[in-house]
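Dropping the structure in here first, questions after.
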Amino acid sequence: MDAKEIIARRVAKELKDGDIVNLGIGLPTMVANYIPKDMDVMFQSENGFIGLGPVPEEGKEDEDLVNSGGQPVTIVPGAAFFDSSVSFGIIRGGHVDATVLGALQVDEKGNLANWMIPGKMVPGMGGAMDLVVGAKKVIISMTHTAKGKHKILKECKLPLTAANQVDMIITEMGVMEVRKEGIILTEINPEYTVEQVQQATEAKLIIPKDLKQMEI
Amino acid sequence: MINKIVTLEEAMSHIKDGMTVMIGGFMAAGTPEKFMDALVEKGVKNLTLIGNDAGWPDRGIGKLLINKQAKKMIASHIGLNPEAGNQMNAGTLEMELVPQGTLAERIRAGGNGLGGLLTPTGVGTIVEEGKQKIEVDGVEYLLEKPLKADIALISASIADKRGNLYFNKATKNFNPLMATAADIVIVGAEKIVEVGEIDPNDVMTPGLFVDYMVEV
Amino acid sequence: MDAKEIIARRVAKELKDGDIVNLGIGLPTMVANYIPKDMDVMFQSENGFIGLGPVPEEGKEDEDLVNSGGQPVTIVPGAAFFDSSVSFGIIRGGHVDATVLGALQVDEKGNLANWMIPGKMVPGMGGAMDLVVGAKKVIISMTHTAKGKHKILKECKLPLTAANQVDMIITEMGVMEVRKEGIILTEINPEYTVEQVQQATEAKLIIPKDLKQMEI
Amino acid sequence: MINKIVTLEEAMSHIKDGMTVMIGGFMAAGTPEKFMDALVEKGVKNLTLIGNDAGWPDRGIGKLLINKQAKKMIASHIGLNPEAGNQMNAGTLEMELVPQGTLAERIRAGGNGLGGLLTPTGVGTIVEEGKQKIEVDGVEYLLEKPLKADIALISASIADKRGNLYFNKATKNFNPLMATAADIVIVGAEKIVEVGEIDPNDVMTPGLFVDYMVEV
């Protein structure tokens, strides 16, 4: 199982029956593949609907039905379309149970940076700032490091997407919760030692007595 | 009943150099593509464009950027049209990046006669630069100002002859919001039907907002 | 012709083809009866639709279709329903061309009082405050005095509905425009003399050289 | 899929003495009348009611007032139910009168996670008492704060089993707004249909906002 699949499988376990979930572009999108069939999770697409379904078969694309990346998608029964102000009313108003997003950097205060690298990448924040502020639970899903460089830091260096909003970080190495006292490693992938995870993390990890094996 | 149906040429005649133009759609879904082509051909310059995104290089708002017709853009995401970032970095295109939910609310406020709105989105990020911070019941918010435009170019799936509009699926997005917020609202309608063919319950934008329509 | 009919007929002449109009409860409602058949005026009902039609025949009332006074009404072809935030977005956003309202008092600064008498009548302002602030043209239609008491004053004594928003006052005695310099009597009902109108008015009326006969 | 359909008794069991309850409708059109009757029977006391109006003595919200179940009411118009004014003048009912458009926006802000909004409505009137005035680009506005509730009691013409709602004609009014702004949202639906029977384009309130439904 590669890193991305490990992460997506573990994130899926955080979702509950009846949840309204917004998945960011990229790795987070994979989470949808691992939701148990008997569990009712509705995915929101911030460009204007709830009830995002799988990618359409080739030749069955509908140009009026795309996701927030502009890619053809489908809807599931019970879906509903709305305009952008309603869509972000849902997000900002706390009606999204969980959002799953990638990160460039995240820190022990729960700060997140995932929208720009000054002088390099300036794609714009899109809906990320609203999602991180508004969703009840913010789950960062990402590979633990970027080409060996730390991404889980004492303090984000890149421009923030939002301050103090991250609840949980899930990587191929383990599961971390961001609390007042810092980042707690609650689960560890048995392929790694605590020392290895700490070495891959700039922030000082708090290791609880009941550290669990990562459920995948 | 006043006839709002005009030719493409008549419709485009309202758009002059230096104007502020809102353009509906989300990654080109729901963008009035024929209007983009007509504006490229017409060659109006120094536009301030307001839209969710910069489209694609060959679709949506992107066409106007590639043709260097904008001096400023207000958008939430420009990552899928590299030309936008290039012009921004070269200093030839002034770029105001706005969180997507805030962009939607600012346009709505402009159309609804509100003087602004307080949002938690962007607090603690560079988005707060230059903005008034207001505390309400112990929480800090940014005061975001309304947005209006000279022209709104929007698309509709169905319009009736009075200008009542219906948007199919994910083409709704920013279109109904922009319809409220410009001095002149021009609709590219896929289909124009007789008055009464859209159920009064299902009208998504009342015709009172619409000035001109082109069947595209 | 009684006073109310004179007023309603004259107000109707202020409306133009294509106008969106909101009529207050009572006398203003009568204005709809005097719109020329070939003129296209759409009436807004602030409880949530545009395209208000006449009272239904007896037995054809629809409990889902009432006006802002809770009374059964009908709709005309091309009508559209919306929620209260859209309804007042239309009003506050300047998309209503004219509102016709009654008044308890109105003064030479364009202040209006029509929603409460302290200690006596406190019905609430309903939509009146938004209408007076938002409509492009505010027309007060009322009998010139109340049981001999002045209603057009130097300064309103009752709690205001809005400050400086009234554009025009139409009574059975004449037509008055509220401008910076004061209240100008632009038309007079030939059944009255200028002296009689001034006597029935607390505010000092400005009488222009080209004072016209009231068109009814 | 979670079953949201409950009995009238189960639905009403969530409403306790002292709670803040939003009630949809406009002069009883679109008010869940069966819930009013059930609450009268149940006899919960000291409620803070938020609604457009005080209904009629024998219809809509008025029934709860007649039965003296409210300690406070937030509304825009109470003129058609004399009991509201009587209790207000007797000092047994605290009354907060809010301009109708402001009431709609405050509820919308509550549901959409906004900290407030700036409106020109009420400037220069007693509505501005105790409120912060904020100048934006040379114009003065009132800062109006969001409204939320413990419970929203709304009505719908059609609901599907997921809670997607459709409102007929003028019954829409405050219902879709209140559906966003309460901890528990209870719908009195005239008809409950299978998922998919309401076109996803025509859903007026997405099911994610709805907690419980009763077929009434």
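General observations
The first chain written gets the first letter, and so on, giving A, B, C and D; residue counts start at 1 in each chain.
By our rule, contacts are C-beta pairs under 8 Å (C-beta built on N, C-alpha and C of every residue); 3 or more make two chains touch, one makes a residue touch a chain.
Owing to the predicted nature of the structure, the values given are computational and were not obtained by experimental measurement.
Chains that touch both chain A and chain B: D.
Between A-D and C-D, more contacting C-beta pairs join the chains of C-D. Look at the CA centroids: the one farthest from the centroid of chain C belongs to A. Chain centres here are Cα means. That of chain B falls 34 Å from that of chain C. Note on chain placement: the centre of chain B and the centre of chain D lie 32 Å apart, centres being C-alpha means. Averaged C-alpha coordinates give centres for chain C and chain D that are 29 Å from one another. Residue numbers of chain D whose C-beta contacts span two or more other chains: 105, 108, 112-114, 119-120, 167-169, 200-201. Within chain A, residues 49, 75, 81-82, 85, 88-89, 91-92, 133-134 each touch two or more of the remaining chains. Of all possible chain pairs, the ones that touch are A-B, A-D, B-C, B-D, C-D. Touching chain A in their complex are the following residues of chain B: 26-30, 52-53, 56, 75-80, 85, 88-89, 95, 97, 99-105, 107-108, 119-127, 157, 167-177, 204. For chain D in complex with chain A, the touching residues are 1-2, 108, 111-114, 160, 162, 164, 180, 195-196, 200-201, 203, 206-209. Listing the residues of chain B that touch chain D in their complex gives 105, 109, 112-120, 132, 134, 136-137, 139, 141, 143, 145, 166-169, 200-202. Across the interface of their complex, chain B is touched by residues 17-18, 20, 40, 42, 44, 49-51, 75, 77-82, 85, 88-95, 133-134 of chain C. For chain C in complex with chain D, the touching residues are 45-49, 62-66, 68-70, 75, 81-85, 87-89, 91-92, 111, 121-130, 133-134, 159-164.
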